[in-house]
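Here subunit A shows up in two complexes: once beside subunit B, once beside subunit C.
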Partner chain A sequence: MKINLLEKEIKNINNRAETEIKNNNELYINTTFEEVKNIVGILMNNLRLVFVGEFCIQEKSFIINIILTNRRQGYFVTVRYNVTDELVSLQDFVPQSNLFEREISDLYGIKIVDGKDTRNIVKHEIWQENVFPLRKDYAFGSKVKLASEVSRYKFMRISGEGGYQIPVGPVHAGIIEPGHFRFSATGEPIENLEIRLMYKHKGIEKICENINANNLNLLFERVAGESSVAYAECYALLVEKLIEWKSTDEVKAVRVVLLELERIYNYLDDITGICVDIGYSYPPKKFSYLSEMIHQLCERLTGSRFLRNAIVPCGINIDFNEVQKADILYTLKNIEKRLNNIIESTLGSVSFLDRVEHTGVVYNKTANKIALTGVVGRSAGIEYDVRRNFPYEIYKEIKTKTNTETAGGVFERYKLKIAEIKDAFIFIRKALSLIEGDVVKNKPEIILQDGLEAYATVETVKGELVVYGKTGENNTFDRIYFKTPSFTNWNGLTYAVAGEIVPDFPLCNKSFNMSYAENDR
Partner chain B sequence: MRMILDRIKYGKETKKDILFDNPDSYGKVNIDSDKCNGCTKCVNECVAGAIEIKDHKAVVDYKKCIYCRNCIGACDKLAIKMEHDCKFCDIEQAGNELKKKIYKKFKRSLILRSVDTGSCNACMLELAATQNTYYDISRFGVKFAASPRHSDGIVVTGPVTINMREALIKTYDAISEPKLVIAVGACSFDGGIFKDGYANVEDLNQIMPVDLYIPGCPPSPQAIIYGLLKIMDRI
Partner chain C sequence: MSTYIIYIIQPLFLLLLAPLFIGILNKTKACFRGYTGASIFQLYYDLSKLIKKGEVISASSSFVTKIGPLLTLVAAVSCAFVIPVFYTSRESIFGNIFVIFFTLGIIKFVTSLIGLDSASTFGGMGSSRELFISMLVEPIMFVVVTFLFIETKSFNIFTIASTNSTQLSFGPGHVLAALAFFILVLAENARMPLDNPETHLELTMVHEAMILDLSGKRLAFVELASAIKLVLFLTILINGFLPYGIAMEFNLLTIALALALYIVKIMILLFAIALLETTMAKFRLFKVPELLTFAFSIGIVSIIINHYM
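Let's look at the complex of A and B:
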């Protein structure tokens, strides 16, 4: 259903709701506390919209926003209602909504009414109880005191004979980020996995409100180090949507080259991890060597191994000419041949296949229920890729099909990651062929008007990233909200490991390879 | 069979001279004091707050710098230049005293435990990259252990968030004496770009004495290896 037809449909269903279309693909529906559940229910069940996230903004009062998307037509629907100190829980028909509601409750102090899960998520035991840092009256720059006022986090209990729990983390063995996993097992198989995160919560959304829009791309890049380019791209898209800017085709093509380079080294690291956790030692060594080669290529292109400060709003912050073009083509040519050889050797190994096949399965039904995105979702048969459903830059022309698998196991994710690497090689070559002549470094100063709002979405290596931005005074943003792919995809892992044995957990985890940093923000 | 052929065909990949010159790398940001007129344009441009005006001249704190290069373009007088050598960390005073002990006690090896206390993950990826076959840090006797009980020191990345504070202290306490603390990345010095975040603890140095800061955002594997070799007294 097209966006303007949907607007009419909403009017038919409920004539008290006020609707407005902004930026061509965003529909805002203002409703009330009493009617919101009904409207969201109709939009999701009858009109097949997908729940993406929920966040709060503060104007005169608090406004809760529920983001829904139509993936087929590529538009956003925001359902809004004013609240004073209590919000409506959607937990009985949107299973993922508890995460968002608990986050709002912790950071804005708005209580969840009739929710099944009302535990603290951001606030760990050490926090102050009555402090709500995202509220406007909380001064920027002041720190939360160490007070140990928050009540103890309650994990799910296991009872019965032979049942036991294994706590893991927050500090893990190896060079990984922190997070706590609580396995409940009876004998060998895992009965239940509970993931507790937010150890790395720094308050990035608050910092975003206080940085000049011209420098904000630097902070966006540091939300998640591995997806630096995708975050910078998302910021560029957001600003370009707000000021209605159209980039030239050359700039678009260079951006796609950088985005796909990032995809290559990330997926190389991911398949490295999968092979390491199986104990298959030769291929991962070589994958990580090839990933190092890509990092060095990135350093030659932009001066940063993570391609930082390259994509800026309304332009590109690097010079791009024939020398760099040749460098990319030469490096990729060398890597591609060798990579294909090693990948084939893994796919031909019986002991490798024995470990990955039918391991860590997320069924299509579950994946749809919790709306998984990215490789994780596509491996379970969800045909959704932001590059195709919300095409940005030149993806409309070059990305013609979505790679999907159906079984949803570790092997499917492994195959998909390889397919994405192979696609990335093709996209880079296509994008390079579109660049004629030199692209000159260009970073125009941006001036934002007060009171505008927009959404931007990008396919990062982990999945769908949605950023909401509302501009404020003095060329800053009044509110930035990140709906990061890891925030919802982490829950997929709890379904994937159920029934598996504990030693298979690292393998399942690595095949997901979700980011803790972008989840915690 | 395929692997053996691959090995023969491509040979050895490890860089022999690890401290080689990398012309594309980031490096120290220098301000030419003759050209600088103290206009504060670069100070306003810096998100990390690394540039200060002292005696009407701008000075860059290289530990705070995130090496984004924005200040270079902001300067009208073209006074700001960036070097291309990322190998420049300095050992803190506490570290200098420890340095002698390290060589005496641990001889040529160093076992470390890495704790991420709120970084963006880039520092962790670079730490992991030191172990790949190109840099191969294990040939210098540096290893990352799975347990703090097995390690001689701790590597901290990122600003310390209040949620991670307790876990960090517990890890530190579990390490046997003499304890080595290495802080990797600009965020671990003073919070870097996240220093105004409400959920950060003020400073890592208040929780535990830091022996070595490795600057960079993120520091390249080469810079990390240089820092580790320096504290082991191998350079």
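Let's look at the complex of A and C:
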């Protein structure tokens, strides 16, 4: 259904709701506390919209925003209602909404009405009880005191003979970020897994409100280091949407090159991890070697191994000419054949296939229920890729099909990651062929009007990233909200490992390879 | 008199070089994977570092953690004194194969207790898995010992070595039994594909999970004990099944030749282990019984073949 038809439909269903279309693909519906559940229910069940997230804005009062998308037509629908101190829980029919509601509840102090799960998510036991960092009256720069006031987090328990719990983390054996995994197991089979994150809540959304829009791209890149380019791209898209800017095709193509380079090294690291975790030690060494080659290429291109400070709103912050073009083509050619050989050898290894096949399966039904995105979702048959459904830059021309698998196991995710790497090679070559002449470094000063709002979405390596931005005074943003892919996809892992044995958990985890930083923000 | 000296020298040789063999194994693996890798003397450095370091002992642990690591080392060292390395004699008052295997069993038993003793989930998980695997390994050991007895009419490893070293040809049963014993060596020493000695992932560990809570010199004892244990098992494999060239009399030339042959043989075995550990993935835990059952079956088959051929 087209966005303007939907607007009419909403009017028919409920004429008290005020609607407004902004930026061509964003429909805003203002409703009330009493009616919101009904409207969201109709939008999701009858009109087939997908729940993406939920966040809060503080103006005169608190406004709760529920983000829904139509993936086929590529538009956003926001259902908003005013609240004072309580919000309506959607947990009856949107299983993953508990995450968003609990986050709002922790950071704004708004209680959840009749929700099944109202535990703290951001606030750990060590926090102060009555502190709500995202409220406007909470001064920017003040630190949350370590007061140990928050009540103890209740993990799900299993009872019966032979049942026990395995606590893992938040400090792990590898050099990784913090997260706590609570396994309930009977012998080796895992009955239930509960993941507790947010050990490193950085308050990035608060910082965003206090930084000049011209420098904000740097902060965006630091939400998750491994997806720096995707975040910078998302910021660029957001700003360009707000000021209605059209980039040149050359700039678009360079951005796609950078985005795909990031995809290559990330997925190379992912498949490295999958092999390492089952002790298959020859291929991962080679994969890491190739990944390092990409990193070095990135450094030669932009001066940063993670391609930072390259994509800026309305321009590109690097010079790009024949030298860089030749360098990329040479490096890719150098890598491609070796990579294919090693991939072939892994796919021919019986012991490897035996471990990855039929392991960590997320069924299509479950994946749809909890709205998995990215490789994780596509491995379970969800045909959704932001690059296809919300095309940005030049993806509309170059990306012609979405890679999907059906079984939803570790092996499917492994295959998809390889498919994405191979696609990235093709996309980079196509994008490079579109660049004629030199692209000159250009970082224009951006000036934002007050009171505009927009959504931007990008396919990061972990899945769908949605950013909401509302401009404020003095060229800053009044509110930036990140719906990061890891925030919801982490949940998929709990379904993937249920019924698997404990020693297979690291393998399932690596095949997801979700980001802690991105989740904690 | 001179024979007594050799009975002292050969275990000392084995004990001193055990960490070196582990270093060579790791170096070989690094070469296969295409990087320089640590020095072959790395384990010596590690052990001397650990011995100098202070240690932390869990408040919930008992005397088992205090004396356990030393016990494992004692068991490993004393076992080294009752097996032939490069010299054997036809008759020996020690070297009963059951004594050897059960002394080695002490290491496993005590390590499992250490795992349980620290009261951490990982330790308990590791012990449970270790005992699950060793329960299936034990029958293989008995089958292999039975095979060796039928072949050489002796339960003494010295006699077995000397008898087999003079044998000119072996039947297929001998090869199968050796293969079964090789799988047993992998299982007993937490090598791939049954356990991954290099992993940092606690949840997949078997042997390493049990000793996660050890540190300092106690960790050094256990590490050294497991290094010695691997070399002991490889030595038993060599001298039980392929003792060609082992010295039977005491003169410098035969000893030197035997020593050289021993080193070559152990290098070949280490090479085989390195090859296994780089080219295949670890088995899923519940697939381990299949491999061990396979080893048990070929053990049985080897006895039957030996009987009819």
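Quick notes on this structure:
The working rule: the second predicted complex is superposed on the first by the 521 of 521 C-alpha atoms of A that agree within 3 Å, B and C clash if a C-alpha of one lies under 4 Å from a C-alpha of the other, contacts with A are read in each partner's own complex, and residues count from 1 in each chain.
Following the convention adopted for this analysis, a contact is a pair of C-beta atoms (placed from the backbone, for glycine too) under 8 Å apart; a residue touches a chain by one contact, two chains touch by 3 or more.
Everything numeric here is computed off the predicted structure, so don't read it as measured data.
Superimposing the complexes on subunit A yields a three-chain arrangement in which subunit B and subunit C fit side by side.
Panel annotation: after superposition on the shared chain A, the angle at the CA centre of subunit A between subunit B and subunit C (CA centres) reads 60 degrees, nearest 10. In the superposition on chain A, no contact is made by A:Gly437 with either subunit B or subunit C.
In the superposed pair of complexes, A:Pro178 makes contact with subunit B only, with no contact to subunit C.
Contacts of A:Glu188 after superposition on the shared chain: subunit C is touched, whereas subunit B is not. Of the two partner chains, subunit B is the only one that A:His201 touches; subunit C does not reach it. In the superposition on chain A, A:Ile166 makes contact with subunit C only, not with subunit B. When the two structures are aligned on the shared chain, A:Ala517 is found in touch with subunit B, with no touch to subunit C. By the touch criterion defined above, A:Ser351 lies against subunit C but remains apart from subunit B after alignment on the C-alpha atoms of chain A.
Counting the residues of subunit A touched by each of subunit B and subunit C gives the higher count for B. When the two structures are aligned on their common chain, the gap between the nearest CA atoms of subunit B and subunit C comes to 5 Å.
Where the contact sets of subunit A with subunit B and with subunit C meet, they give residues 173-174, 282, 285-286, 289.
Interface residues of subunit C facing subunit A in the complex, by the touch rule stated above, are 29, 32-35, 121-122, 125, 192-193, 196, 198-204, 277-287.
Taken in their complex, subunit A has these residues touching subunit B: 124, 126-127, 133, 138, 140-144, 146, 170-171, 173-178, 198-204, 206-207, 210-211, 215, 218-219, 222-226, 228, 269, 282-283, 285-286, 288-289, 291-292, 295, 299-300, 303-306, 308-309, 338, 341-342, 344-345, 348, 443, 515-517, 520.
Touching subunit C in their complex are the following residues of subunit A: 164-168, 173-174, 188, 275, 277-282, 285-286, 289, 349, 351-352, 354-355, 501-506.
By the touch rule above, subunit B contacts subunit A in their complex via residues 2-3, 6, 10, 13, 22, 24-26, 45, 47, 66-70, 73, 114-129, 131-135, 144, 146-147, 158-159, 161-168, 171, 193-194, 196-202, 217-218, 220.
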